[in-house]
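Labels A, B and C are assigned to the chains in the order they are written; within every chain, residues are numbered from 1.
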């Protein structure tokens, strides 16, 4: 873990009315690391993702990406800087084909992404890259289907594919296994495993087997605070974590 | 000077309360059913025409108002059951178009039935004179009655929405429809009733304003747009927002039309003043709306999450 | 590849349509119905304006109920220029487009911060603002509007008084703009606009500046509508506040949905259908609005894909 930090979050705070959702939360996702963020329901995990990705404004704290401060930036600018997120509930372009979905994410980081003349269909490089990513997420055979017609499992994979296709160095994955059966989650876990070689990942996930198998490090969020960070072994043994979280989930 | 201010405040209050009667129905329909109803102004027009007809036939202004309220509520509910209900699940674009079609149809039907000329709706003779509110401050009695009825209607609405079971359902429906359904509220019945009530409020406003403004085809559209401005400022679905928005719009519009031209006459050369003053006064409320939305894109009192 | 989103125009029908439109005035003159040349010009201009609204509503998902104010901006700009003696169409029309674009930029910056019904309402409110400004400014003729002493000139020895020459000038401009619109929709920016219509949150999350893209679309549509307004000023040799009235915006929306929102020729079909129907029935009855209202209601309730959609259902 000596690599320079990919993503640093320091003292992040967010209140909704009288409720403190994220309370002075700090953590670091090192470059090339898969860092899992776990915690009981209502601990503030989704809010944390919302704040880091820029979907919502934090009340305070500092977020840096590869050493660049990105607080207050709009979401799209954070993505261009190299920080992209996935959604807990699949968010795709239902009227577009699967291939066009991914090609859009490729377009977003390409020269001429908002050009007004040369047609998209003539930009073969975008579609080549998109096909490559579709093969990776196992949707190569479904490329001409409208995304709205995909099964739930396929949509989860397209969701990850869209996030990967942004080319971001740090990915925030919000429960990528949500709603998947045992047979469907296997391939997605493999996909996540393969991502580790190329990018840093902050993974929010309820599937503890997957988390302890995949994660290099784990942070535990309870009541909006990070109460512990460590390797899976350390987290398993951490008394406070056992009391606050693991004990509760096994009870 | 003081009498002028009091007079203008009363005028603004009157406009605001009448706008509230329209906006309250609009914002509930909007909030509960997520439905844009451009034809809400047509119900106001129909209310005014019904009142004028009954007043002419019976000679009683009270009978005219009662008939207008009942008749318009019935028409509103019939409209809800036949045309509007299939539109709830459709896009806002389709709702805008279908209710725009209803405006065209309503205007033509009124023209066919009552003719293209404005019809007369006279205020009761007993109320046609001024009342001396204070030494030197005379104000038309009828306008005072309009303010009183408007206040009473607003109060009644507040009690119903804030303190009754139906009101609780309405608020639940406006903030979360699924939840209201899950609570076992019969939403179909609730929608029809809410729509009927909204139509009745339109009729009250139409009948009361009839003697002050012209009862004519197209009278609904201008006031409809003002009512939209009101609910957008107040936050769609919020009755409290509608009241605040209505009073803001009423007072600002009235004050602007009196004070702005005077202000410009005092500050700018006459040629500029006579052009800019009225122009600015007539767009003041839209400027207010744009300003509110710039800082609060969901209005002052957003009803939904 | 990616064919569903790419708009193709089949060369043969397109050529036939263009050729037919080009010789129309000659035919109408031959059968001694020159009045219809003016009507045809009006249809072409509204086809352009409705298409620009289709770009917003059908392709961009921006349901604007204030499109008429851009027509007004263009029309009044052109009228003032012609009256001041700057009466060259190749100056007044671009100036009209610029006026529409400038107004759209100002309105878009505020309106595009809102979504859904708020967007519909705020565009309506801004159009009302423009309407009342025009009505209350005496320099612009107030309620009466302005009359143009003559149409703008074209140069090249073309007769500005001829309805046929005017028709051809309009046809050239409209064809160029429709070609441009197709190109734009097929280009990356057009693709991005349609994706925002589908899912704006996701677009932001894959790194597109959603607000700026929508603003670009809004300004382009405003420019096209402004240009249409500039041509309308010449056509009628008169401009009045009724051009900006909110029912105009509603009527434009009717054209778009009637023709088929989000279909390339939707605006063209809708404008042609509505204007021709109005012309046809105005001889029969004074209550055309009733018929239009009933048809519109039926279309929304039973054939929401519009005429273009109906055409596809029949063809299938």
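By our rule, a contact is a pair of C-beta atoms (placed from the backbone, for glycine too) under 8 Å apart; a residue touches a chain by one contact, two chains touch by 3 or more.
Note that the coordinates shown come from a computational prediction; the quantities given were computed from them, not determined experimentally.
With steps allowed only between chains in touch, the distance from subunit A over to subunit B comes to 2. Chain centres were defined as the mean of their Cα atoms; on that basis the chain farthest from subunit B turns out to be A.
Remark: the per-chain Cα centre closest to the mean position of all protein Cα atoms belongs to C. If each chain is reduced to the centroid of its CA atoms, subunit A and subunit B end up 48 Å from each other.
Mean C-alpha positions place subunit A and subunit C at a centre distance of 43 Å. Mean C-alpha position of subunit B lies 32 Å from that of subunit C. Those residues of subunit B that touch subunit C in the shared complex are 30, 34, 36, 38, 83, 86-87, 90-94, 96-98, 100-105, 107-109, 111-112, 221, 225, 228-229, 232, 236, 274-275, 278-279, 282-283, 286-287, 289-290, 293-294, 297-299.
The part of subunit C that touches subunit B in the complex is made up of residues 57, 63, 65, 110, 113-118, 120-122, 124-126, 128-129, 132-133, 135-139, 246-247, 250, 253-254, 257, 261, 287, 289-290, 292-294, 296-297, 300-301, 304. Interface of subunit A with subunit C (complex): residues 53, 55, 74-77, 79-80, 84-85, 87, 91-97, 99-100, 103-105, 107-109, 112-121, 123, 127, 146, 162-163, 165-166. For subunit C in complex with subunit A, the touching residues are 1-6, 183-184, 186-192, 194-195, 198-199, 201-210, 213, 216.
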